[in-house]
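What follows is a structure written as structure tokens; I'll ask about it next.
Chain lettering (A, B, C, D and E) follows the sequence in which the chains are written, and residue indices restart at 1 in each chain.
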Amino acid sequence: MISLMIAIPLLFAFVSIVFKGLAKYALPFIVLLNILILLIASTPVVENIGGWKAPFGISLVLDDASYYVVLVVNLIFLLLSLIPQIIDKGYDTIILLLLTSTNGLVLTGDLFNSFVFIEITAAAAYILAYHRNNPYGAFKYLIIGGISGSFYLLGTIFSYVGAGSLNMAHISNNSFGQLTAAIAILFILGLGVEAKLFPLAGWVPDVYASGSSLTPTILGTAITFAIMYLTGRIFITVLHGTFLDVLYILGLLTVIVGEVAALRQDKLLRALAYSSIAQAGLVVAAISLNNIDSLTGAYFHSMNDLTAKFILFPIATVVIKGFEKDRLAGFAFSVASFSLIGFPLFAGFRSKLLIISSAFSAGNYILPAVLFFASIVEAAYLLKWNIKLWFEKSDTSNNIPWNLKTIVLVLSILLLIIGIYPDLYLDASRKIAQSILDTQGYINSVLGGI
Amino acid sequence: MSYERTIWEKIADNLRSRSMWMLHYCTGCGAVELPPSMTSRFDMERLGMGPMATPRQADIFLITGYLSVKTLRRVIYTYEQMPDPKYVVGFGSCTINGGIYYDSYATINRVDYYIPVDLYIAGCMPRPEAIFEAFTELMRMIRKGEAIGWKKYKENYEWYKQNQLKSLGEVYVHDEFHE
Amino acid sequence: MSQLLLILFIGSFLVYLLTRMNWIIGVLANIGLAIYSFYRLFTFKVGTSESIFSLIVNQNGTLVYSELSKFFGIISLIVAISVYFFLINWLEKQKNRAVFNFFLALITASTLGVFFSGDLLTLYIFWEIMLLFSVLLVQMGKEDSKKAALNYLTISLIGSYMYLYAVFMLWNRYGTLVIKDIVQKISVETSIFKWAVLILIAAAGIAKSGIFPLHTWLRTTQGSSPDAFSAILAGQLEKLGAYMLVLTVAVFPSLKMFPVLYGGIPVFNYVLIVLGMISILIGTLMAIKQNDMKMLIAYSTVSNSGYILIGLATMDKIGFAGGLFHAFNHAIASVMIFLSFAAVIYRTKTSKIDEMGGLIWKMPLTFITYLVGIISLAGIPPMSGFISKWMIFVVLVKKGMFLTAAAAFIGSVGSFLYVFRPLAGVFLGQLKSKHKDVKEVPIFMLIPMLVLVVITVFFGVIPGPVLNMITAVEKELNIQPLEHTMTVIKSSVGQWNTLTVFTMFAVGFIIAFILYMVFPKAKRIPLTNQYTAGEFLYNYDLYHYSTRFYAFFERLYEKHPSVEKLYEMFGKFFKDIGEFLNRWFYSASPSAYLLWFSIVLLAIFWVRW
Amino acid sequence: MTIFKVAAVLLTGFFVGLTLEGIARKIIARVQRRYGPPWYQNFIDVFKALSKHGFSHGWIFDFGVLMALGGVIATLSFVPLGNLVAFPGLDNVFVVLYLFAVGALGMAMGMVGSGNPNASIGVARALTQMLGYEVPYLVSLAAIIFYYKTSSISNLMNLQADSWNLFKMPIGAAVAFISLMGMLGKKPFDTPIAPAEIASGPMVELSSKYMGLLMLMHTFSIFVEISLFVDIFLGGGSYLVFLLKFTVVWIIATLISAVLPRFRIEQVVKFYWRVPLGLAFLQAFFVLIGWVF
Amino acid sequence: MIYYISIILIGIGVYGLLSQKNLFKHLISLALIDTAINLFIVSTGYINGKEAPIYSEFTPIANFVDPLPQALVLTAIVIGVGVLALGAAMLIKIKEKYGTLNVEEIRRGDK
């Protein structure tokens, strides 16, 4: 059943190559279908492709974690499909492909399969990055993405060599012996590029700030969230928390570097790209603390971040003349920025609070300090942009499409609601965190007690 | 040349004669003789007299030297800024008849056409002895109520103004380079 | 209390809607809310506590009503009510009235929330709400205010995040955030932990009240925020900083926690006192230099916050009372001053001292407000400002803290200098020809100003009511209460009677007045009739001495080191790093990407294998 | 009773103050080998000024003058003259010193209100000079208050029955005396007035009764300043002894000022914050460690 | 043996990426690294002296090399080819836009 979530978009992606224009209309329905499937599914579901039993064949796993991640990813695609204006002609196919691969990325229980999906995601992302005639940025992304993909593949092969299997649950159940370190390093390098870790992810600003609203909107939200899930899954569930300290250091570095670099930018999209980098670093650092609260906080924060970014990126690309005539869009933009900074009453505050308190209870005094530093810098530049846009004088509005306006408004109100009543996001992220930490449960559900 | 005074005014005049504060208008060379009369040889302060910095505080207006059209204007301006009762002393011959500059086109020959002068001190220059003689005379006049130039100026304001205007001419452009 | 806060928060939305319909009704609603909460402050019973929402597991937010919250609540509501009254006329010229009013209402609500908070996290939340909306209000001002708002936000956030860090340190160690419980536990703490916590908590207060290392935001923020809001900023928001300082030195019992040094003052408080000293000096010397009148008073705020801090940190019954009373006085006085400035700017559209002059002839009532305000601010007797300064002087001299006392004296005499500068430059002297048609401000702007004048004079003559509140606070915080009657203030080194002083001043004034009436009447002459050494002047605008008023004194410290420049350097440093990162990591070629990739690989290998 | 005492204090201030000013003029004249005016010259000057018909620059000008005189009269009433104390117990040092500032502020306000820049410059200089001399003065007073644990002037006076503070704390007394010179506005610290530079500074627009009232105010303030010094450093004493000490201090101050030229204003501040302030701290340090003779 | 070849190839690829300024050479280096890694994967499944895993009656099951890596390599090659094609397409666009493939000239053109 859940394999349909991968198969149908893929099918339509191919079909739409032949029947041009089909994808545009198909996208919302496909996403809705996916969500429907999710709604009727009850976790955990393990589907073995081709009928091969778990350790031998490829299995798709829908446990609590992947359930919510897939749900979030599909909701994002649903929102995206509701704003067809920002999807340029011909890119519908890529979006479908991206939907396929992201769903696959999350659902798969097989390492090599996840490599395949990562590569497809990356390929789609290269094309997206190329969007709006940005070939050089896209090419850079392609080179570094290709190398990282190779490393991810190497990591996969090493785990096959070490554990004798490609199934995540099976690998997790076995031990690698001496190869653990090598595998962890390879995965760090492989995932680090996509997870925007410093200094691996030099591609981000050039790609995000190409002037397209589609690229950063989808790469900075759905894909990032999926990658964050995969990071947690691989490093905590599969590798049992090996080498998390390296991730932790890289994450902290990313936070600092991202914010400091963002301070300098004189283009809004670029600043937001750096902010995206910094938030990803924060999430990775919080994941690497490896306890239930920090993981909850991390995914909670990631969700707040993607909600905010889904407001910020489209508006940032559309709005050139300031908010004087687009007060609603401006309101949404400001709410999203305040949430990102982490003011009380807004969603970002709750997740930051959770991350800080979990860090403190884990005896970690550095992460909160870095987080506070980052928040200060973030506040400085985000507020600067807010003020600048609010005070831009203009007589005409920016022609923001009504559906985009509605969506960002709804999302900004969602951010406010989450800030006061966070259970909606908090429960989901707690489920994700629990399920990622529950290695034994994962093994049991996939391998069925072998 | 005296007028009716109340008892308070008599007391006040007595006090005024014992405490005369001077404002010097030093355009000419006459001021050379003032320092000796203030310093230790003659010591003006023993009579309660002393120099003052501004017309607001001064009682006596001491015009030491000749006046030109340009300086007359300033003299009148300053005189009008002094509080009543005020006394004017013309110092040296120049204030009486123009002195050695009497034939210049720009010299004001008689000061008392323009402001009321209570007392002239003749000489070019008057020596400190003459100055003291004059001041004791002025003190006597004040005590007796005879130094009434300031009243005359008020009463004959039209006449003084007319003289002033005649000599200074109509002013057409009002800025710091004219008038 | 939670009910009151709820009413205020919901009411502020109502204010927004009403202001959208008709702004005068909105302002009136705002006044109504403030007056209602002022009334409610007196109906609450001291010592009640309520619990509200929870943010962290096992930790409910609590609200506690104490004498301290009552005292500070009253200050901030007096300020708020008078400024709101002022708005009835002032708001006419402001854009975005609805938002302005809405934010003001939210700020008052969250300020009260801070004072009511019974635990540290609730306090933080209200604190941040207040911060956010005050930043949004600041940037509604002049052109520079955009930059100023950023400055304000950054420095305030530094303070409040340091505070939050301390909150979590406490939570991690004690598992509770309720102030009362923490106080009990931390007072027996021995390690260096308490140092870290208290310094971090104090940082929030230091940033908010503008004490030395974090004072730089005040100049630009006060200088360029909307004029009426400057009053709120000085009278209401900076008193939050004072509240936080009270929390640091008195609610957390510094006397019990730290070894007592010279003069019976805990060692931690000495750190604060040194900061207070430096703030007094910086505030005074920089205020003397300012040409913008709002910036000038902003620096005076730095200096006066230093007084408040020093008074509080002495932890002596007189000194502490002096600190609290000074907070009260400074709030009222600075509101008066800023309101009179707002009135001046309302009419003249400028805040530069040397662009004005002689406004006393056009705006006499505004002038009187300013005059009484500065007399109180500079601490000159018949007004209330002197009483608190006297208390602080007495405690400093009594304890033999001569260096601090010298700083306080410099600040006090220096304040004569800087408050005189706007007095001379703006109100006295020659009226500028372009201000010939300036009129006195409308009636609703005058009412609050004159009411504040009455309050200041009243508490200057009869300080008893305020002192009663202060002694109640002192009792609550286990400090020996100040001895006083309605008009007599006693200390161990002498006493004085405010009423006698006022009476004697009145007597002296009457004697002078009789002399004045007995002697001949003077003639009224216009200001243009001046002693000019016989010179004729036509442009009396130039005959007004206000540019670089204290030039000869400023020359003495022209080349002073500046914290502001240091911070700018830091900012530039970060930006340079950002540029560097951008160039070498993010905009680099694929080769560079791979280079960093391999470096990370090698680094991990080298470290971990 | 209090009313009579206040009246006595004020009258003493008026008569003794004006007389001593006249004597000072005489002394200066003698130093300069002149004859000098009679001792009552200042009475004549004041009343002559009051009798004239002057000019006013509007209400703030009048109000400033009244506030100046009123403030100084109020201050004077709190100063103990030997054993003539109008308000025993309430004569706090700080109250007296700051009440004194009311007069200064009133004068500054009225004079600047005249609209003459010379007045503004003079006031700015006066305030700056105040910043110079007040600090060392207050620090040396602080040392004394710390030593005696009281800030009431009459108590301080009574407590030095055995030995004057002049001998107990000579450095502090020297500092206070130097500051006193600044307060009196005597040379070398007469920068604010400076008749030849800025046309007698604050007083530039003063005519007639305004001049007279301000001369009275000046007299009273000199009286307050020297009385404070006498009370705190020379042990006050009975009323007559007090006046004797007062005369001595006044004559010494006059003699010093008669032979000195004038400082520039920044030199004044620099001087006060270098030498007397340092000495005041030294004195305070000695008091702290108990080195009091 | 084959390990070393693949490591050398990776080295060449990395060297090419680091040292060359021409973007096309970068792409080729990437392809080289891809190939090297594929080679490495195949080598991991190779067991000395065993036969190809083609199932028939004559070959005993225990005598095969590991077939899985080879299967994986097939997929990896496909993906690699796709990425390379994409990269080549982008290079054409870069050439159109900047008129050069030299990194430094492109960066200069960006500014």
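The working rule: a residue touches a chain if its C-beta (ideal position, glycine included) is under 8 Å from a C-beta of that chain, and two chains touch if they have at least 3 such contacts.
Predicted, not measured: the structure shown is a model, and the values here were computed from it.
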{"item": "Other chains in touch with both subunit C and subunit E", "value": "A"}
{"item": "Of B-C and C-D, whichever chain pair has more C-beta contact pairs", "value": "C-D"}
{"item": "Reference subunit E; chain at largest CA-centroid distance", "value": "B"}
{"item": "Innermost chain by mean C-alpha position", "value": "C"}
{"item": "Approximate Å spacing (C-alpha centroids) for the pair subunit B, subunit E", "value": "111"}
{"item": "Intercentroid distance (Cα basis), subunit D paired with subunit C, Å", "value": "35"}
{"item": "Distance between the centres, which are taken as Cα means, of subunit C and subunit A, whole angstrom", "value": "45"}
{"item": "Rounded Å distance between subunit D and subunit E, as computed from the means of their C-alpha atoms", "value": "95"}
{"item": "Shared-contact residues (touching 2 or more other chains) in subunit B", "value": "54, 56, 81"}
{"item": "Interface hub residues of subunit A, defined as touching at least two other chains", "value": "139, 143, 147"}
{"item": "Residue numbers of subunit E (touch at least two other chains)", "value": "17, 23, 26"}
{"item": "Touching chain combinations (by label order)", "value": "A-C, A-E, B-C, B-D, C-D, C-E"}
{"item": "Subunit C-touching residues of subunit E, taken from the complex the two chains share", "value": "14, 17-21, 23, 26, 103-104, 107"}
{"item": "Sites on subunit B touched by subunit D in the complex", "value": "8, 12, 15-16, 18-19, 39-40, 43, 45-48, 52-54, 56-57, 59, 81-85"}
{"item": "Subunit B partner contacts - residues on subunit D that touch it in the complex", "value": "25, 29, 32-38, 41, 44-45, 47-48, 51-55, 195-196, 199-200, 203-208, 211"}
{"item": "Subunit A to subunit C touching residues, read off their complex", "value": "139-140, 143-144, 147-148, 181, 185, 188-189, 192-193, 198-200, 202-206, 243, 246, 250, 257, 260-265, 274, 338, 343-345, 349-350, 353, 356-357, 360-361, 365, 368-369, 372, 375-377, 379-380, 383-384, 387-388, 391"}
{"item": "List of subunit A residues in touch with subunit E within their complex", "value": "112, 115-116, 119-120, 122-123, 126-127, 130, 133, 135-136, 138-139, 142-143, 145-147, 149-150, 153-154, 156-157, 160-161, 166"}
